[in-house]
Amino acid sequence: MATRDTSPDRVRQFSDGVFAVLITVLVLELRPPRSANFGALLPLWPTGLSYLVSYVFIAIVWVNHHHLFSYAQGVTPRLVWSNFAHLFSVSLIPFTTQWIADSKLAAAPVAMYAAVFVLVNISYVALCWEAVDRPAHQGVSDVMRRMLRMRSVITVVIFTGAALLSLRWPAAGMALICLCLAGYVRPDVPSSRDDGAAA
Amino acid sequence: MATRDTSPDRVRQFSDGVFAVLITVLVLELRPPRSANFGALLPLWPTGLSYLVSYVFIAIVWVNHHHLFSYAQGVTPRLVWSNFAHLFSVSLIPFTTQWIADSKLAAAPVAMYAAVFVLVNISYVALCWEAVDRPAHQGVSDVMRRMLRMRSVITVVIFTGAALLSLRWPAAGMALICLCLAGYVRPDVPSSRDDGAAA
Amino acid sequence: MATRDTSPDRVRQFSDGVFAVLITVLVLELRPPRSANFGALLPLWPTGLSYLVSYVFIAIVWVNHHHLFSYAQGVTPRLVWSNFAHLFSVSLIPFTTQWIADSKLAAAPVAMYAAVFVLVNISYVALCWEAVDRPAHQGVSDVMRRMLRMRSVITVVIFTGAALLSLRWPAAGMALICLCLAGYVRPDVPSSRDDGAAA
Amino acid sequence: MATRDTSPDRVRQFSDGVFAVLITVLVLELRPPRSANFGALLPLWPTGLSYLVSYVFIAIVWVNHHHLFSYAQGVTPRLVWSNFAHLFSVSLIPFTTQWIADSKLAAAPVAMYAAVFVLVNISYVALCWEAVDRPAHQGVSDVMRRMLRMRSVITVVIFTGAALLSLRWPAAGMALICLCLAGYVRPDVPSSRDDGAAA
């Protein structure tokens, strides 16, 4: 069975295709306005804003996915299915972002948005477990492993909190989501210094 | 002619692009509702459900495609054209799933759905034949070969049965389809233990 | 400058992405009918037929593109721009196919269709020239080179003829196009025997 | 940490997926006309023209992106985020091109178009800085580095000028944009001779 290609490259490439479609989906909704002055762009702001926001958030998810798969070594059925669950959750981001922009930050859309990120993170925890945690991985220190795990659990808790919070105060819930995502812009902040030293 | 690149990598990458577009096609149909409460999401259930179902079924098809191509070694015209026929059949899944959800499990849509899976499986049998069966493949045992072949034939028979069944009892036909697909979640169940031992 | 990656792999991968989007574009137009019986599918036949036809024709173009790029060795600006021209021409196939189906084989759409294939082939000739003809290619025999060139010129002539013919007799023009494309199902028919022997 | 895959290949492949979707987005807007004569194509010219123009401009951006990434050696967070900013700016090209065509070269759309290209170029400068400038790159001469930098700064200045100019004389602004882009058809014009000699 030595000739079988079991590297995670194909899972990675397929995921990139899905990310590429999802990140550009909302731009299809942007239609040029009838009149040719800057004022005519104003009514487009809900779609424009939701395109920008969901672009940034999907980019953050991609960066973390990319980071995680740089540790993946083999393809297990669990890895594949966690990845499909992850991509499915991500595919709901454009839809819910647009709902938020349309409704101008109403309670139900923001709570649903936080719920989508709870899904995104639960599937990410499952991915972490398969790609980094389980294998006796020579490239991953115990410190990093523990950090990845703790970070994911905290994130799930925060997003669940944001979902509940936004049923009452949607603006506060949205702020919490944005803050939490900002912490993910660099996937490996605390260990990045060692990383740079080791590379 | 030794310099020609005849590895199946490009066929695989192209297929992944097609799968990535198809698996996300239906999310484009999900438009945020006018009002901003959870009740407003209810009328979207046919599209939402059909997106989820066709996502899962295309994922199952991808897993099996991925499994099969891990054995492929060269590119023959027959492999390429079986693959195109396979991708074409898969591309009909979103459309028929949505028809089922719209019609709430009526007879004609479910029968058509089963017919699409008959097509998907016939082209998969052709792919198996080209990728695994024909070449004097060192990585594929005779047991596995026979199993793959038998399994595919049985699946075609079951889906044909489901198509006929659902003309009368669509719910029963649909249940048969789901059961049969569930058996494909792991593409190599019976040989997986040997697989693990050999890897 | 030895570290620069000048392999045609990225051009190939980008082209595959474009092909993947184009080959599935028309399936987005297929919407499930209102009523749930097989008769309700009938009004969809123009889109369904044009999806099938443009799928098959883009598949034929892909097979030839794949065949050609298996000989490509370096990336020249001319190769890149011929490829962009080729992809642009291919991107017009879904649109024109749908026009033909909508108009039930009227003169103007069929003539335009033939004109699109003239463009596809002129850009293919340019691609051949860059990928196979120009480089002192060790893997390409003189016979094959001459054949590729002659074949392309003949095809351009036939498609131009089909465009003129269909202004009068659109059905005859369409038949000529289909015949000519059928000859491309296998990109290397005459040399395939030697190919098999050499591989 | 030696086992981590830090090659820029995945960033490249993801970008290609996004480019592939963006370059074909506008073809989705081309719908066949009702009547079957060439005259019926005339009302489609704004979409047709904007598809052609944005196709060519995205192709030019891709060629430069491809050129730049052939020098990239590692993946840094800054490279990834500059790349996301670059792709985001590019994704606005189809929308603004269509607005220009719809409004028949009015002032606001052309100024906005130039502004989009200012964004595209600022993010390209950031990409250049990360991929070519910063690393102690053995494959990049000082001359080329200085040239890339100067060229980018000049381009940003010209596009900003075009944006201001087109508020008054949109046709002149558009001409300036086209001229400036024409200079990018070959990404490495001045050093291309050495390039050819070194390759």
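Letters are used for the chains, namely A, B, C and D, taken in the order the chains are written, and counting of residues starts over at 1 for each.
The criterion applied here is as follows: a contact is a pair of C-beta atoms (placed from the backbone, for glycine too) under 8 Å apart; a residue touches a chain by one contact, two chains touch by 3 or more.
None of these values were measured; they are calculated from a predicted model.
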item: Interface residue identity across copies subunit C, subunit D - same or different by half; value: different
item: Furthest chain, CA centroid comparison against subunit B; value: D
item: Separation of subunit A from subunit C, taking each centre as the mean of its C-alpha atoms, in whole Å; value: 37
item: Inter-centroid spacing, subunit B versus subunit A (mean Cα positions, whole Å); value: 26
item: Overlap residues in subunit B, where contacts from two or more other chains coincide; value: 13, 17, 20-21, 28
item: Touching residues (chain side subunit A, partner subunit D) in the complex; value: 12-13, 16-17, 19-21, 23-24, 27-28, 30-38, 40-41, 52, 55, 59, 62-63, 66, 69-71, 73, 138-139, 185-186, 195, 198-199
item: Subunit B-touching residues of subunit A, taken from the complex the two chains share; value: 1-6, 10-11, 13-14, 17-18, 20-22, 25, 28, 75, 77, 80-81, 84, 87-88, 91-92, 94-96, 98-99, 102-103, 106-109, 112
